[in-house]
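Two complexes follow with subunit A in common, the first pairing it with subunit B and the second with subunit C.
The block that comes next holds the complex of A and B.
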């Protein structure tokens, strides 16, 4: 290995350090220089949170071999607020509430800095375009664009600098008011440490060996070659679990690492802790697993068929959870309806794609307490489950929640914390695991793909008489949050409407797909997509305005829901009024209007196009 | 991840060829690295061990840009960003700034090179159709019997198919040389799933030169990509339009020519619709930038295709 000697100027300081030829500039600044402000979100040049200036030009440091930094001037997010005083852009990000989870923000601030350097007068469209290489999953971007416009106007003197001052909440009055985010300065400056930014003395690096099979029996696992490698400090498999090996938000059906069989591609089979990430990677590749492939099942419908492969022995029908709700007499309700509409609806799996891939550290402290630091959205439950898994009293297990770089439900599952704890216990050293983006996508929960059959009976005046609703959802290989998602789907799926006769079935099913789990809206999205689409179809058939049919059927104050919950106040009426007004709704029957009235007119947004930076040129061209 | 034992950064062609010779069979040429690093990840090539990487982006000749009224010569390591910040290049290749602004994103186009885009030979490459419209030649060099041997290959002959070129394993792409087309109006139409970091589903380079009145086509060049294994010049449409009037009817007729262009594996119907729309829109945009008479085209047509 021919080490490189990198001489460069980093954030104004001259450095000369050796580096490995395979390192990327991102690895060098984060791991060797401990400048962890810029993050790794994808490692493939897609997300932009690693963006740094190289000789004044913004580049993605995950795409730069470190050798390219030779003799250059590198400026990271840490360069922008070196004296502790935030830059105008950083203050504007704070003021505008542009940082939420914060993980994309270092890259966003860098891209915005580059944008305003290139064109201090860039308009909103040009700002969008120049920030196009950066992905945010929390904000929906609007507040980020607001922040860049605010900074631009302050820089250009169009707005006073006092516009960047913080917002003082009126004493004790927070609801319905703008308040300053107290965590924003740490996020816009890159100072906040996410789990993947944390270091511990003597720390080992973890790599996980994952299943290439959707369904297979594990005949043997031979870790001897990996164990024998220099720099490898610990290798674990399910045989290393001392206690009750199972976790899950509802049913504890998932082992820390695959036990006896694997149930999906990407399932953890073994894990290695080693002195550096490359050794850990190579050691994991040296573990020999002999599999006997089993027939696998890849859709919820197939899994429900008699004779389908059984994913879990405890559930021979492959049903994770079925929630049935019955109100009134649906068949009678349908029979007395003027119109019965039946449709099928499908939704697909969706990845949360939080910008921060899973990461965590674990160590055993001086009192023998096993400590896990991770961006877990459910640390108390994780603590209880881990205590059973490692067979220790609850007082000997501690979870510390690191900043969550986006979760959206995807970090509720204890998918890797068990491995960290076991490796810390086995090696007696702190261990850290940082997922790659690919690993995050392959191994963690998705939104449940769903298939819904919906029969709705309506009267000519638009009143709903009866609804028969059946959703089957692909829960994947393990239970995770499926039960809760099915419950919420059954509770919320029929919408905030008065339905005298209702039959609701939501059925979560085991398959050999990547497990499904919690995701914002928790089952309401799949079901309400069906219900609301169905109402729009009903409008077309009945000649009603879509707002009108919802007003006709909406619950009102004092209503009792189909799950017998009494609602003191119901806000759908106000929500409909506000939505109708804000959207500039043109009254009428669905499907009978022409064209799009929301583009390109005065006061309306432009159609999406690229080339905003040429707008000036075009005007010039026209003038010529 | 991409794992190497050595990363070499030669600063002359001689040094580069010496390294290529010494590490033949165990090395790979890189420049911008914006394709190589994502390629060496799980789901694509996975972990790749290449003993020696030879980075040619620091060789001065590969960064040289020469532009005159007739010809353009760009070193192979020219980053795509140059089309946005080098005024002489933008004047000689008026469609290229429009292409560049759609290329990846602001960060990547500062790093990605024109040579890399050509050698990758992706059917969806954005730079290639533009260069095909400029009748580009690829200049290749190799060290043979102790001296540097060069050859020039027309770009249309250089790319054989997806990922395949005529580049020999001891050869380097040194430069691209093509027609300068100052005074032309240029457009680049592209569609993908989003506006940044998007791979073309269809892309079309259009270059138009009009007569002094802005009413007749003196010259037209069109090249399309993303819909077949290699980019294609649309000589049939160029011949039809050349010398004729710039009018809504002519553009519609041109777009209706049955050329069976779409050979993609997927979404053929959609792509055929897009190709038709792009032909009209590309010609309108390029003609306007070439100084078209504002009355030459009907407002209805401009609204429909704008």
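The block that comes next holds the complex of A and C.
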């Protein structure tokens, strides 16, 4: 297709540049103009981090063909603090603590700027509606709403501009103070460079070929057509790994690229480094892989059945890790209980959905040190593993942690850094890989889906006598953090309660599903969901208030845990009191408590407003 | 009967830093020219605010302002090991070790000034960029103090390491000491359930968490609020689905995440039960923040409409089905009672 000549005004400057018709406005801004403040989060108009103004209108630049920019005025996040001074809204984001990882923030600031331009008197509910097209995974949005309200009030003169200033602690006591985040100015202005924003001279672009099969033997890989393509500088497969090919957090069972067989859909099979991303993608498509599909297993229960397909030869029973905890005699404890409650619980797989998809760069430096720059949550461990994989001493491997656009455990796995290192070594040039959102979702770890059977024996007065707890979790195709997740699930699952007889089993299982791995709350979420739901069922059966049953059973100072560790101070009683008091809790048995009808009655807490239902013309009201 | 409200609660506990293994971290500190400071440690922000927390701790310990603290990049070839950004360990492991390294650097500076002013080192105070000796007229800026040190051939630096006294678990009964610091939390959820559509809206959350000692209360709130909203996602809408190993939720159009319209009013209550082992008393908040949210919401749904959702997520379809089944059961019982 013919090239376009784009003439536009970008951040107040006239530009005239050639562009490919296939480019999106986002590519043009980020790749051609090197304005990397606005990010790509999803490439599908869902997350909003690429939001810019086109002729003053908020637009998602990933949805706009570059041709639409012809003759327009485009303003990116870089336009807001052009003089070096942050806008009122950016200052308010800084002051309110509205940025965390910062990756969504450029788009969020643009959307909030648009909101206050549309209605300088927008109330909180309207602000929520107007930010509804922007996803943030870190903050929970509340501090973002606070920031927009603060900016609105300063702009309208209702609050003095000094409200945006930082704090000065008297006596230099800075612990316990709301010091404004030191990294926030770089995030609200879009200046912070994440790995996908970084460039190196002479840099190549990487594309990964991924498995279309859940379980298949690799009969052959023919890379000759890809290698022969113009612009292709290097193609790698597992044959290019010089050392011990394995990574993982606890067991190193995952090869850098599939070796002999693939175990899940989306597993890396080969990778290409080329002069531009399009050539890399075309070359990857030209790699011929012959697969022999194998019977696959898609649930943890099926994987535990005798005769199930074996995912890893070293684990013929498909068990990644089983963690047992034993206290007392659980069957005797259940037998002597007044009441035994049994229930099953299920939790689903969850995607981390950090707004920054995986990205990284690698190069070999002047001393022959292999350097990898990526938003890895664990560079210390990664360098140990990579040193073995590329058969170099640890001093010849260097990992640099780039700013992380959200992790939540999902960036603890060395899922792509090995390929980057191998391609940098093979081509002798810097290489960069940026995942698409689809690639990130399909190929990286999830929260372990789980199935739990819980039997709890209680006495009539609410005391727990015995707990038998068994959780089976689908760890997917590779070990990653499964062992640790099972351990934390087991140690914490029965809750901070005195339980004289406990039998706890957590079992992580291999399947041919997307691997499960580390995810914020790491097994404790799945198991404590079951226990805390179960306690409320017990309340209903025993006629107890939910706070009361927890107080009856809670560990106290000096308690012994389920793993027989003696604790000193135990604060569960304090947090129960604090939550009960702050929420204005109405005592009573679940489902039978009164107080739902008269939420505004005397002595009762006020009704909570239902979120995001702004009605009426607030602009009009404010003007009056 | 269209919209019913209910409240539920749940408690939690959590261990701080790596589990059932010895955790460790190291840091270097230097009080630099002009009264600024350098902290070098293997840590980088993953969004939680650790850089600000470390700057506050270093400023507090060395007598500077947080904006005068420069924190070096996390680089395995340039910074001492501080290991991974996870396991609710950064404030505890790295915060504590930065405090120790900062104290050592300050000690070097104080030693020089005590000799220069002929006072006891214990009478020297530092704060907000100044150094002074109690009950004297001696007071200089930190920049001047560093100059004095350097004229006497001393660069005020410190280094420290911090490790945990923990063990693995016994393979048979699980006995062991997995962590040296534990935190506890409790959350109350208020929900509204639409009995026509099955839709659940979380209206309010009250979250009380013990964090040991809050270095930056607003940052703690940010962790709690972010944790709650992620947990609302898992409780009500998020579901990574597979069909024969192929995902059917490949992008954000299919994989539904909480947006600003799903956010309840969140109230954080910070409880401080200081850790007796570390030098600062800090513990952590990242992961425990989202542990009690889901059961609190499920217990609130039960309180509102009398159905118990035991399989996540509590989608409108699932809630509606449970409500209908409950009504059918009640109708049958009524019919039986009438007969």
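As a working rule, the second predicted complex is superposed on the first by the 586 of 624 C-alpha atoms of A that agree within 3 Å, B and C clash if a C-alpha of one lies under 4 Å from a C-alpha of the other, contacts with A are read in each partner's own complex, and residues count from 1 in each chain.
One rule holds for everything that comes next: contacts are C-beta pairs under 8 Å (C-beta built on N, C-alpha and C of every residue); 3 or more make two chains touch, one makes a residue touch a chain.
Owing to the predicted nature of the structure, the values given are computational and were not obtained by experimental measurement.
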*With everything superposed onto subunit A, say whether subunit B and subunit C fit together or clash.*
fit
*Does subunit B (first) or subunit C (second) touch A:528, or do both, or does neither?*
second
*Go through the superposed model and pick first if A:4 touches only subunit B, second if only subunit C, both, or neither.*
first
*Could you tell me if A:119 is touching subunit B, subunit C, both of them or neither one (first, second, both, neither)?*
neither
*Can A:59 be said to touch subunit B (first), subunit C (second), both, or neither?*
first
*Where does A:68 make contact in the superposed view: on subunit B (first), on subunit C (second), on both, or on neither?*
first
*Per the overlay, which chain contacts more subunit A residues, subunit B or subunit C?*
C
*Which holds for A:453: it touches subunit B only (first), subunit C only (second), both, or neither?*
neither
*Partner chain in contact with A:46 - subunit B first, subunit C second, else both or neither*: both
_Contacts for A:132 in the overlay, against subunit B (first) and subunit C (second): which applies, first, second, both or neither?_
both
*Please work out whether A:227 is in contact with subunit B alone, subunit C alone, both, or neither, and reply first, second, both or neither.*
neither
*With the two complexes overlaid on chain A, what is the closest approach of subunit B to subunit C, counting only CA atoms, in Å?*
5
_Common interface residues of subunit A - those touching subunit B in one complex and subunit C in the other_ = 44, 46, 129, 132-134, 438, 442, 608-611
*Touch list for subunit A against partner subunit B, complex*: 1-2, 4, 21-22, 24, 43-46, 48, 51, 57-60, 62-68, 70, 111, 114-115, 129-130, 132-134, 278, 281, 285, 436, 438-439, 442, 608-611, 613-614, 621, 624
*Considering the complex alone, what residue numbers of subunit B touch subunit A?*
1-7, 9, 30, 32-34, 37-38, 41-43, 47, 53, 55, 57, 81, 97-98, 101-102, 104-108, 110-111, 190, 195-197, 288-289, 291
